[in-house]
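Take a look at the structures below.
Each of the next two complexes has chain A plus one other chain: chain B in the first, chain C in the second.
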Partner chain A sequence: MPAAKYADEQLADPGKEKQAKALMETIRCLVCQGQSIADSNAEMAGDMRALIRTRIEAGEKPEAIRAWLIERYGDWVSFKPPLDELTWPLYVVPVLFLGLGIWIVSGRLKRRRKG
Partner chain B sequence: MRKLLIWLPLALFLIFLGVFASGLISPESKTIPSKLVGKPMPGFALAPAVPGKPGLTSAELANGRPHLVNVFASWCVPCIAEAPQLRQLAEAGVPVYGIAIRDRPEDLARFLARNGDPFRAIGGDPNSSVQIALGSSGVPETFIVDGKGIIRKQHIGAINPEDVPGIMSALGDAR
Partner chain C sequence: MIAEAGLAALWLAAALAALQLAMGWMGVSSQRTDLLAAVRPIAIIQAGLTGIAFLVLIYLFVTVDLSVALVAANDASTKPLLYKFAGTWGNHEGSMLMWVTILAVAGGAVAIFERRLNERTLIATLAAQAAIGLGFYAFLLFASNPFARLDPAPAEGQGLNPLLQDPGLAFHPPTLYLGYVGLSVAFSFAVGALVTRDVGTAFARAMRPWVLGAWILLTIGITAGSYWAYYELGWGGWWFWDPVENASLMPWLAATALLHSVTVLATREGLRAWTVMLAVVAFSMSMVGTFLVRSGILTSVHAFAVDPKRGTFILALLAIYIGGALALFGLRVGTVREGSRFDAVSREGSLVINNLLLSAILGIVLVGTLYPLIAESITGEKLSVGPPYFNSAAGPLALILVVVMAAGPIMRWRRDDLKATLTRLAVPLLLSALVLLLVILLAPGIRILPLLGLVAAAGVGLASLAPLWGRNLRRTPLYIWGMVIAHLGIAVSIAGMASESAFTKETLVAARIGELHRVGPYSVRLDDVQPVAGPNYTAIEGTVTAQRGAGKPFTLHPQTRNFPSPQTETNEAAITTVPDGQLYVVVGRADEQGRWQLRLWWKPFVTLIWAGGGLVALGGFLSLIGRVRREMRHAPPREFL
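Moving on to the complex of A and B:
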C-alpha cells in the first residue's frame, strides 16, 4: 500500500505546515510508543500525520485536533500533559523545588556574611 | 532537625532511583484501550474492501441487534490466528463486520479464501481514518457494538479460543 497523501508530504502553506509539524511532534505514536508520530516510520504514524495535515489544511485548529485524539486514546496520546487533579504536581513541584533551593542558598549566604 | 535534614537529598535520590528502577523492570503496559467504550460508534461510511461484498457504514450498526466489528488486515499475522474463532462466532449467528486496514482488494480476497470469510460486510479503511476515529491502535481489535450503535466492549489483540465465551456473554449483555 502506498502511504496516504500528506503522510510524508508537506502542506503547500508554510504556516499551516509549521502548525501541523508542531502538533505532530507532541502526539505519541501508538505502535512505537516512545516516539512521536513526527519521528516514527510506522505506517500508522504516517496515517496519523496525514490525518493531522488534512485537518489543518481544512482549517481546523491544532488544539482541536489534539482534543479529538485525546477523546479517543486518552491523555496518553499527547506528550503535552493537561493540568488536572492528577497531573498538577508535575507543574507545582518544580516551583517548590526552586523555592527550596533559593531558601537554602540564601540561608548559606546569610551565614557566610555573618561569619 | 538539622541532623535529619542532611539526609533529605540522599532520601530524595533513593526515591528517584526506586521510581526509575521500577519503570525499567516493569515497562508501561502496551495496550491502549479506546476511550470510546460506552460511547456511540463514530459516524463513518467505508467503501467495499473486496468486490462482491458490501462496504460498511456506522448507520448499519445501529439496527437493533448487537454486532462484532473486527478491525483487521490481510497483512496481520495474529488475524490469521483469530480467524477460526471469528468463523465459530459467525456460525453461532453473531453478525460479524470487518474493517480492513490499509489493504488491497486482491490481498484481502486471498486472505479470505485461505482463512475463511465470517464477514457480512467489510469496509476498506485505506488510510486508517476510521481506525483512528475508533480509538483503535492496532490490528486485530474487535468492538462489541449494541443495537443502538453504542460501543460496549473492546477486545485488543487476537480472539483466542478461550476468549469466545466472554465475547458471547458480552454480546448477550449488549442485547
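Moving on to the complex of A and C:
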C-alpha cells in the first residue's frame, strides 16, 4: 500500500503544520511501543499523521480531532489524559504531595523560630 | 562444565550472603567482636565469587557456547565481538546477574575502604547489603538462572535486538545499574545507622561518596540514553517521557535531593531524619526502576521479558525491602535527634526548598508513570500519560527549582537576609531581564516554557559562577569547583532544551534525486541512494550534500538498516555538528514514484542539552575527588587485612 499523502509531507501553511505537529506529538502510535505518531516509522503512524494533517488543513480544530481519535481508539491513543473519574488521582496526588511537603516544612520552621 | 562452575559460584556467594547477614545481625545485637570481625572478609569473598560467576557468563557469551539456553537465545556467532561481550547483559538473566555482581562488589568495597564509621554501624550496613543481595540471589537462582543448559544445542543462536547493537548502548545499562546499586549502598548505610541509632555526621560522610558516585553514573546514563534515543530513533526527539526513561529519571531525582540533604547533614548536622528517609526513597526508586524495566510490565523497547512470575518476584522483593525499611524508619525515627536549627532564609532553607521541589517533581513522575499501570490492572482500561502531562506539571516546578539553585550557593548557613541575597544576585538578574527583552523582540510568539527556560538559563548560568567571585581560584577547594560546574551544567542543559524546543526547523519531503530542499540555514540535496551491506545487516545509504548559505558544501550518509535476526528496521541519522547546533538528516523509504522520504531538522544549540549533562557529571566527579581526598587525609590507619 502506498503511503498516504501528508504521512511524511508537511502542510504548506506553517501555522497549520505547527498545530498538526503539536497534536501528533501527543497521539500514541498504537502499534509501537511508547512512541508518539510524530516519531514513528510504523505505517499506521504514517496513516494517522496523514489523517491529522488532512483534517487540520480542512480547518478542523486539533482538540476536535483528538476527541474523534479518542472516540475511535479509546483514551489509550492520547498522551494527554483527560480529567475524569478514572484519571483524577493524576492531578490530585501531585498537588497533595506538594501541599504535604510545604505543610511539614513550614510547621518545622515555625517551631524553630519559637525555640 | 564451565557453566556449572558459574552456577556453583553463584550458590556459594548466596550462602555467604546468608552468613554475612546472620553473623552481622548477631554480632551487632550481641556486640561480640569475633562475629563482627568475620563480616568484612565474608563480604569481600562473596564479592569475589559473584564476580567469578559474572566472568563465566561473559566467557560463555564471547565463545558463543550454544549449549547454554541464555546464550542460544541472545547470542550469535555472526555478531561482532563487542556485542557478544555486551550481549551478556543485553538480556534479562544476564542483566540481573550484573546487578547482583555490582551489588556484591560494592559491598566488598565498603568492607575494604570504609574506615571512619563506627564499627557496629558498618557491620549493620554490610548485613543490610547482604539482605538485599540475598533477595536477588534467590531471584537469579530460582526464577532467572543464567546458566541453564539447552539440550540439544542449536546450530546458531538467535542474536541480539538490533536496536541494542550500538556501542553507546552496550555500556548504557551497566552505567545505570552502577547508579542503582550505589543507591543501594546509601540505603544500607541508612539502615545500618538506624539499627545502631547512629544517624550523624560520620554516617553522612560515609554515605556521601556513594550517593555522589551513584548520582554521577545516573547522570551519565540518562544523558547518554537521551543522546542514543536522539540519533538512533531517527525523528530528532531526545526525551519522550517513556516509562523506561522515567525509571532512570526517578532515582536521579531522589539521588539529587539526597545529595543535597546529606551535605546539610555532613556539614551542619541538620535534616537527619529527612536524609535517612530520602536514602530509603532513593533506593526504592531504583527498585521501582528495576521492576519497571525487568518485569516486562511495560510495552516498550527495553522490556523484553514478558513473564509474570518474574514480575511478581521483583514486586515481592520491592515490597519486602521498602516495607521493611519504612517499618524500621517508623520504629527508630523517634530516636533520631532533631538536627541543628536554621532560619527559613539560609543556605539550609534553600536546600530544603530544593528537596521539596525535587520530591514534588519525583512525585509527579512516579504517579504519571505508575498510575496508568495501576489503573489498568484494576479497571482494565488503558490510558496514556505522556509529554503534555509531565511537561506542564513538572516543567514549572523545575524552573522554580533552578531559580532557587541560583540563590542557594551564595546564601550563608543558618541565617541570611533576603535583601542581601537579591543584591548579590543583581548582575544575573539584569542578564535575565536583558535576555527576556531580546528573546521577546527577536522571537515573538515563542511559547512560555521555552521563553522562561532561556531567561532562567542565562541568569542561573551566570549566578552559578558566583561562589567563585572574590576567591583565589587556585586555592578554591575541588568540591566548590564541582558544585559550580554542576550547577552551570544544569543551566547549559536548560538553555539547550529551551532553544531546541523553541527554534527547531523541520522539513519533511518526498525528494527526487537531485532536488534541492531547505531547512533552517541549510540547503540540502539528495544525490544518490545505494544499497550497502554491514556485518549483520543490509541497508540503503543516502548520499546527501548540504550547504550553509554560500559556505563549503559537505556530504552526509544517512542509512536505514534492516536486520534479519530478529527482523528489525532502524534509522541511522546523519548528524553534522556545528558550534551553533546540529543538522540532522534521515533518508527513509521510497514511494512508488521513486521519491525518497527525506527528513531534515536544523536544531540550534541542541548539543547544549548533552554538553550540560556532561558538565553536571564532571562537576559531580570533581566534587567526589575533592571529598574523598579530604576523607583520606583524616582517615585512621587500616586495622585489618
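As a convention for this text, the second predicted complex is superposed on the first by the 112 of 115 C-alpha atoms of A that agree within 3 Å, B and C clash if a C-alpha of one lies under 4 Å from a C-alpha of the other, contacts with A are read in each partner's own complex, and residues count from 1 in each chain.
Keep in mind that, in the parts below, a residue touches a chain if its C-beta (ideal position, glycine included) is under 8 Å from a C-beta of that chain, and two chains touch if they have at least 3 such contacts.
Source: prediction; values computed, not measured.
Q: Could you say whether A:E9 touches chain B, chain C, both of them, or neither, answering first, second, both or neither?
A: second
Q: Can A:M48 be said to touch chain B (first), chain C (second), both, or neither?
A: first
Q: Identify which of chain B and chain C touches the larger number of residues of chain A.
A: So, of the two partners, C touches more residues of chain A.
Q: Quick check on the superposed pair: does A:A64 touch chain B, chain C, both, or neither? Answer first, second, both or neither.
A: It touches nothing on chain B or chain C.
Q: If we overlay the two complexes on their shared chain A, which of chain B and chain C does A:P81 touch? Say first, second, both or neither.
A: After superposition on chain A, A:P81 lies in contact with chain C alone.
Q: Between chain B and chain C, which residues of chain A are contacted by each of them?
A: 33, 74, 76-77
Q: So in the complex, which bits of chain C are touching chain A?
A: Residue positions touching the partner: 233-237, 240, 242-244, 298-301, 341-344, 349, 352-353, 356, 359-360, 363-364, 367-368, 371, 375, 379, 381-389, 393, 397, 506-510, 569, 571, 588-589, 591-592, 597, 599.
Q: Using the touch definition from the top, list the residues of chain B that touch chain A in their complex.
A: 28, 30, 32-36, 102-104, 126-129, 131-135, 137-138
Q: Enumerate the contact residues on chain A facing chain C in the complex.
A: Against chain C, chain A makes touches at 2-3, 8-10, 21, 25-26, 28, 33-36, 38-41, 74-81, 86-87, 89-90, 93-94, 97-98, 101-102, 105, 109, 112-113, 115.
Q: Under the stated contact criterion, what part of chain A meets chain B in this complex?
A: 1, 4, 30-31, 33, 43-44, 47-48, 50-51, 69-74, 76-77
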